[in-house]
Amino acid sequence: MRRILLIAAFVLSLCGAALAAPPARIVSLAPNVTEILYELGAGKRVAGVTDFCDWPPEAKEKSKVGGMINPSIEAIVSLRPDMVVMTTDGNPEEVGRKLSALGIQTHVLKARRLKELPDGIREIGKAISAEKEARALADRMEKAIEAYGQRGGKREDAPEKTLFVIWPQPLIVAGPSTTIDDAMGLLGLENMAKQAPTEYPRWSLEDVIRNSPEIIFIARGHADAEGFSRPLLEKLHGVDAVKNKRVYYVSDRILRLGPRIVEGIEEMEGLITGKDAKGGE
Amino acid sequence: MEGILLDRINFSYGNGNAVKDFSLAAARGEFIALMGPNAAGKSTLLKLACGILKPSSGAVKLSGRDLSAYAPKERARLISYLPQTPDVNIPFRVRELVDMGLYHGGGMEPEEALRAAGLLEKASSHITELSGGERKRAFVAMLLVQGSSIFLLDEPLANLDMKYQIELIRLLKGIIEGKNISVIMALHDINMAFHFHRVCVVKDGLMRALGKPEEVITKGLIRDVFEVEAEEFPGLRLKP
Amino acid sequence: MKKNILVLTLISLSVTLAALFVGASFINPLRADSLSREILFSIRLPRIAVSVLIGSSLGASGAVLQGLLRNPLADPYILGISSGAALFASAGLMLGTAFLGPFTIPLMAFAGASLTAAVVGGMGWKKGVLWPDRLLLAGIGVGFLFTAVLMLIMTLSTNYGLRRTLLWIFGDLSMSDWSLVPTGAVLVAAGLIITLARAKGLNALSLGDDMAHSLGFSPSRERFLLFTSVSLMTATSVSLGGVVGFVGLLIPHIVRFAVGSDARVLVPLSAIAGAGLVVFADMMGRTVMAPMEVPSGIITAIIGAPYFLYLLRKKDVFGV
């Protein structure tokens, strides 16, 4: 009997320790998560990142665990993490299941939209014992987003028709239910593809020519965005945005649901208003 | 008159000689059976005779001229060959198949050849749907349209019912006689050999006998070449 | 049979004509304003032209290859040509468009396709002859190898552009441009002319090399010429618009069902019907969910697969 009590006490103390101690070795399975972790001051605690985690620059020095869809479970386990942070957006569920089965604690960032991000950050803060930093960051972002919400509505009487090009050939654009759509809403722009049935639809060139967007953004997600989009812009030479030279290349900050997304929105705003954005390239 | 002459030809696939010092002349209008056990070299001989294989020494001559000196188109007017199992993966219609004889030939009209082969009402069937005997007759009809003067046929009677075997032989004899066409046909049914003018017996690439069937096919030859006692053929009256 | 030839040709022609009118929005070419004319000439017509080129190459190539390899299941992509094209095109995407401009991808794809055809031809070559079974196996092997290398590169690389290669592999006609049409037309026409000139040889080869020899052909010469023309047409079609599945397999069977197996009729009509199918698939792709687009390869498969299965149930089509 005494022995059983002893064991119970021992197990309880273990659990208590695990609950109390902040995770010291964190693996991030998505670039936006990595950015959030660094922004919360947990950069030193990050033990591993994906091949796609390129920001902040020091994240590139961390151990790599592979891609987002196919991270190496072995590589993750060998880093002996006490917490793996993943996303519903980029990581398959079974990766989380497998890690849990191996006794590794996971936290999932469920935010998919701009408005959901601050709460997502707060939850990550709780999970990695950085609640104070998380609250500060989340509040700051909420405030900035709210400010846009008020400004954006007043900027123009009629919202300008805008096309956000994710990939130029074949033409793939940002549809509804995306952070980009959210950003356009904040900036008082009308997403031309807002009626699409999917988030990132292949889009008809005929429709672009006929509806003639006033502004075109092109994501600079790859090495030679200008080169790849040249044939597209040649085809669209009669469209208002091209005629009026309102085609803008934007960095991938706006594509990542992380702390820099506000800078991304600022960058887009700076491009369309002609003002220099704070974080512009 | 000489149709085709195989003049002391030798050939090997690389592992021992398949054909050794083989000579045979077929006259126009002659019907020759090429007999021998499996792997005796019958198919190899036919392929050499029509130029698919090239002899390592010796020559095949058509009307006194070396076979290799003919362009493929010219050759097709003089000599044609029917493999034992032609490919029929593509579902040609019988008429489409028979028309191919026209490409480089000029024998019978396709219609006439189909009638001769008894396939007129099957002209628009797919060759893949035909029975074995019908399929053989379809290919023979194609050869008739091509109209060469020498037919080399590799075991056309194999896997056919007795009835179809006899029909095919009758068809060939009926059409060919009087047209000065020579036929060399690989054969393994001894019973059928008696329909031919001459029989040429081969074993291990060597000619063992050549002559009229009733003279060549003897008990001794059957024992020697086919390694069977002739008593197994009670119906045949053979010389000892 | 003559009636069937006419019907197939008329269907293809009317589909092509209809494709002029239909799209994200209806356009009457006879009464078009300047905007509609712009859409018609710079978007719709080049798409139709490229569809015709791709469809006719694939239809004809499929008909030729099925006879050449004596295999009713052969299609133009079985020789690994599309895998080679995809591998090289992805290299082009990775290097960026710096050195060849907007022609980088089609040029790299063409180079990859031609190189693959040469490698497969080399593997299928023995004792001065191209052997059908060797060609088929070499094509499958080389195709698997190149696809694996492509997947490996895509797994290892974080290059954003490269991951988009996949979109290209599944066929894209939306960016079709007049600039590639003249070259493409010359190459496809060359392939078709060689093929038609050797149609009798193709018929003979379908019965086996020995039979072809007997019918007065040189099997190795005929097969070399036909293989070259098929490679040329397939390489051109892949470079023009990626991989549009099912056309090369399906069309020859449909056409064979309608007009028989004689290559002199089968090959040109497969070209016509193939063009009709791809034009139709592209028309549906830009219309059914407009302004969203559906890749034509998906549509050809959705139309094609059930029809193919239906044909399979009809005894006399495949001869089994």
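Chains here go by letter, A, B and C, matching the order in which they are written, and residues are numbered from 1 within each.
Rule of thumb we're sticking to: a residue touches a chain if its C-beta (ideal position, glycine included) is under 8 Å from a C-beta of that chain, and two chains touch if they have at least 3 such contacts.
All values reported here derive from a predicted model rather than from experimental measurement.
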item: Farthest chain relative to chain B (centres taken as mean CA coordinates); value: A
item: Identity of the most central chain, Cα criterion; value: C
item: Whole-Å separation of chain centres (CA-atom averages), chain A against chain B; value: 78
item: CA centroid of chain A to CA centroid of chain C, Å; value: 40
item: Intercentroid distance (Cα basis), chain C paired with chain B, Å; value: 42
item: Shared-contact residues (touching 2 or more other chains) in chain B; value: none
item: Residue numbers on chain B that touch chain C, as the complex places them; value: 47, 50-52, 72-73, 75-77, 79-83, 86-93, 96-97, 99-101, 103-105, 126-129, 146
item: Complex interface listing, chain C residues touching chain B; value: 66-67, 70-72, 200, 203-204, 206-211, 213-218, 256, 260-262, 316-320
item: Residue ranges of chain A in contact with chain C within the complex; value: 51-52, 67, 70, 167, 169-172, 193, 196-198, 201-207, 209-210, 221-224, 227-228, 230-232, 235, 238
item: Residues of chain C that touch chain A when the two form their complex; value: 23-25, 35, 38-39, 42-44, 96-98, 101-102, 155, 158-161, 164, 167-168, 172, 174-175, 177, 286, 289-295
